[in-house]
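Per-chain residue numbering starts at 1, and chain names A, B, C and D are given in the order in which the chains are listed.
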Amino acid sequence: MAMKIEVVEIEKPEGVEAIIGQGNFSVFTVDDLARALLTAVPGIKFGIAMNEAKPQLTRFTGNDKELEELAARNALKIGGGHVFVILMRDAFPINVLNTVKSHPAVVMVYGASENPLQLIVAETELGRAVLGIVDGKAATKIETEEQKRERRELVERIGYTID
Amino acid sequence: MAMKIEVVEIEKPEGVEAIIGQGNFSVFTVDDLARALLTAVPGIKFGIAMNEAKPQLTRFTGNDKELEELAARNALKIGGGHVFVILMRDAFPINVLNTVKSHPAVVMVYGASENPLQLIVAETELGRAVLGIVDGKAATKIETEEQKRERRELVERIGYTID
Amino acid sequence: MAMKIEVVEIEKPEGVEAIIGQGNFSVFTVDDLARALLTAVPGIKFGIAMNEAKPQLTRFTGNDKELEELAARNALKIGGGHVFVILMRDAFPINVLNTVKSHPAVVMVYGASENPLQLIVAETELGRAVLGIVDGKAATKIETEEQKRERRELVERIGYTID
Amino acid sequence: MAMKIEVVEIEKPEGVEAIIGQGNFSVFTVDDLARALLTAVPGIKFGIAMNEAKPQLTRFTGNDKELEELAARNALKIGGGHVFVILMRDAFPINVLNTVKSHPAVVMVYGASENPLQLIVAETELGRAVLGIVDGKAATKIETEEQKRERRELVERIGYTID
């Protein structure tokens, strides 16, 4: 039996955070993970999608139509059974990563990022398996003192500070 | 020394859940994991099989003849030493995954699914090693509102609801 | 820069259990893991070896000369920096696996087995990295009822029973 | 889409310890992990760098100019988004590994070592993903009794002893 390797590009607008992983029991988990996200972060806006193999459907839900549809389109593009895609605004991966990883239907998380993402996917005649993740463009320069100061002002501006 | 890569198809009827992993001490573990499954879920029906390398035998047990034989046939097909296959009905992976992962003889779980499964297996002149898992067919469509409603009715019908 | 893949055969007599993993701080860890093994299982006989890259030495210790030398020979054969090999008698992996995995200098365990073992090793011009493990010969038959009864008698004979 | 595999050499002087891993939210995490290191080990000297994909910058901080610049140079060389490099003196990986792994923005640690290191990196047209790590030169000899005595004196001299 043969196997080929493919690179799948994730579609998402800037500013949207993604968490991509492997789980099971899609018909239940897509909603149950959604509830877990709602209780983890007040005000989170998200879409979650998860592939089912029988019927061959990408299941999805969330509390933001645009993110729900986008999560679904990306999960469909990856194709791999039981792969889930979470896309969110007004929440960072560090707010929910432990919630996601400890969910009883989650096997593993491949990556968590606001960057453009690509997945390395193996395809057999049955289906597709995620092998790895490329998390955004490669760095090309080291930050300057000026850029470091701007970065810290940014982190403070978005609220990660105590007085 | 040479190594070749092979795709192994798991045989199982629809509706049967599978958990495939790596462990050790097969002569003991096949029965001890079986006991752990029995205590984890009342009414679980399952077969478990685990490969031993010396003698080259697939060990198996369970509480359902059909699932026991099927688990054994699949473990034999994979071949890899210390690989185990659990096939079950009347229980979902989310009910037992933590029980399985925390068993002292379990090294790791490769996948947990009701979907058709394929394993990517490396073969040397000594034996075989599991490299990855394909978990069912790729999704081909996004669910419609109608399919979402049917899915939620299904989850409720199988008992995941409180009044 | 180039990379090649090699299969390394572990040498050990029948009846000797092996645990192979990755860690750090070899000059300290080889002895400290040895102490952890001594406190984990009364009567354990073992050798442990761990590779150091500077100087390029395989460090080793234990409480059994034969197993110490054999562990050292195998670690040397694998070559990979910070790889450790534990060989033991009068103890099973299930007795010490959690002790080993939770040691602060252990990164991961590749496998734990009494079977003949092969390691899939990548080699660059700098050194060598373990990619995977083949744990014994592939199974060729499913156990018979007779063999199952013999297996259970064996488990009982080696003490895994309560009256 | 194509993918190529590359071996990236980490630059660092002897005696400097490295921890290389994957995380997220670089603008925040580079400083927050730095604070975690400071509270984990009194007297630690370190530099930490982490790649951001937009802008394509290697972020860095620490409490030692040389190590900060070196960590930044190495992270830049690896390139992979959200990859972090910690370089340190006066602290060993065993002092901080659990602190690093349990940080809410850390996904995984690829390796922790004072040895020369190489990373196996996949490159797509988008960016770069770490696939594995070579941790120092391969061992070429087994330690002699004399070398074992010297090693134990060294461990004692660096303080791992109680009277």
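Just so it is clear, a contact is a pair of C-beta atoms (placed from the backbone, for glycine too) under 8 Å apart; a residue touches a chain by one contact, two chains touch by 3 or more.
Quick caveat: nothing in here was measured; it's all calculated off a predicted structure.
Farthest chain from chain D, judged by C-alpha centroids: B.
Remark: chain B and chain D have CA centroids separated by 37 Å (rounded to whole angstrom).
If you average the CA atoms of chain C and of chain D, the two centres end up 26 Å from each other. In chain B, no position touches at least two other chains.
Under the stated contact rule, the graph of chain-to-chain touches is a ring, a single cycle where every chain has exactly two partners. Within the complex, the chain C residues that touch chain D are 1-3, 22, 24-25, 27-29, 31-32, 49, 51-61, 69, 72-73, 75-76, 79-82, 104-105, 107, 122-124, 126-129, 131.
Those residues of chain D that touch chain C in the complex are listed here as 5-7, 9, 14, 92-94, 97-98, 109, 111-116, 118, 120, 132-143, 147-148, 151-152, 154-155, 160.
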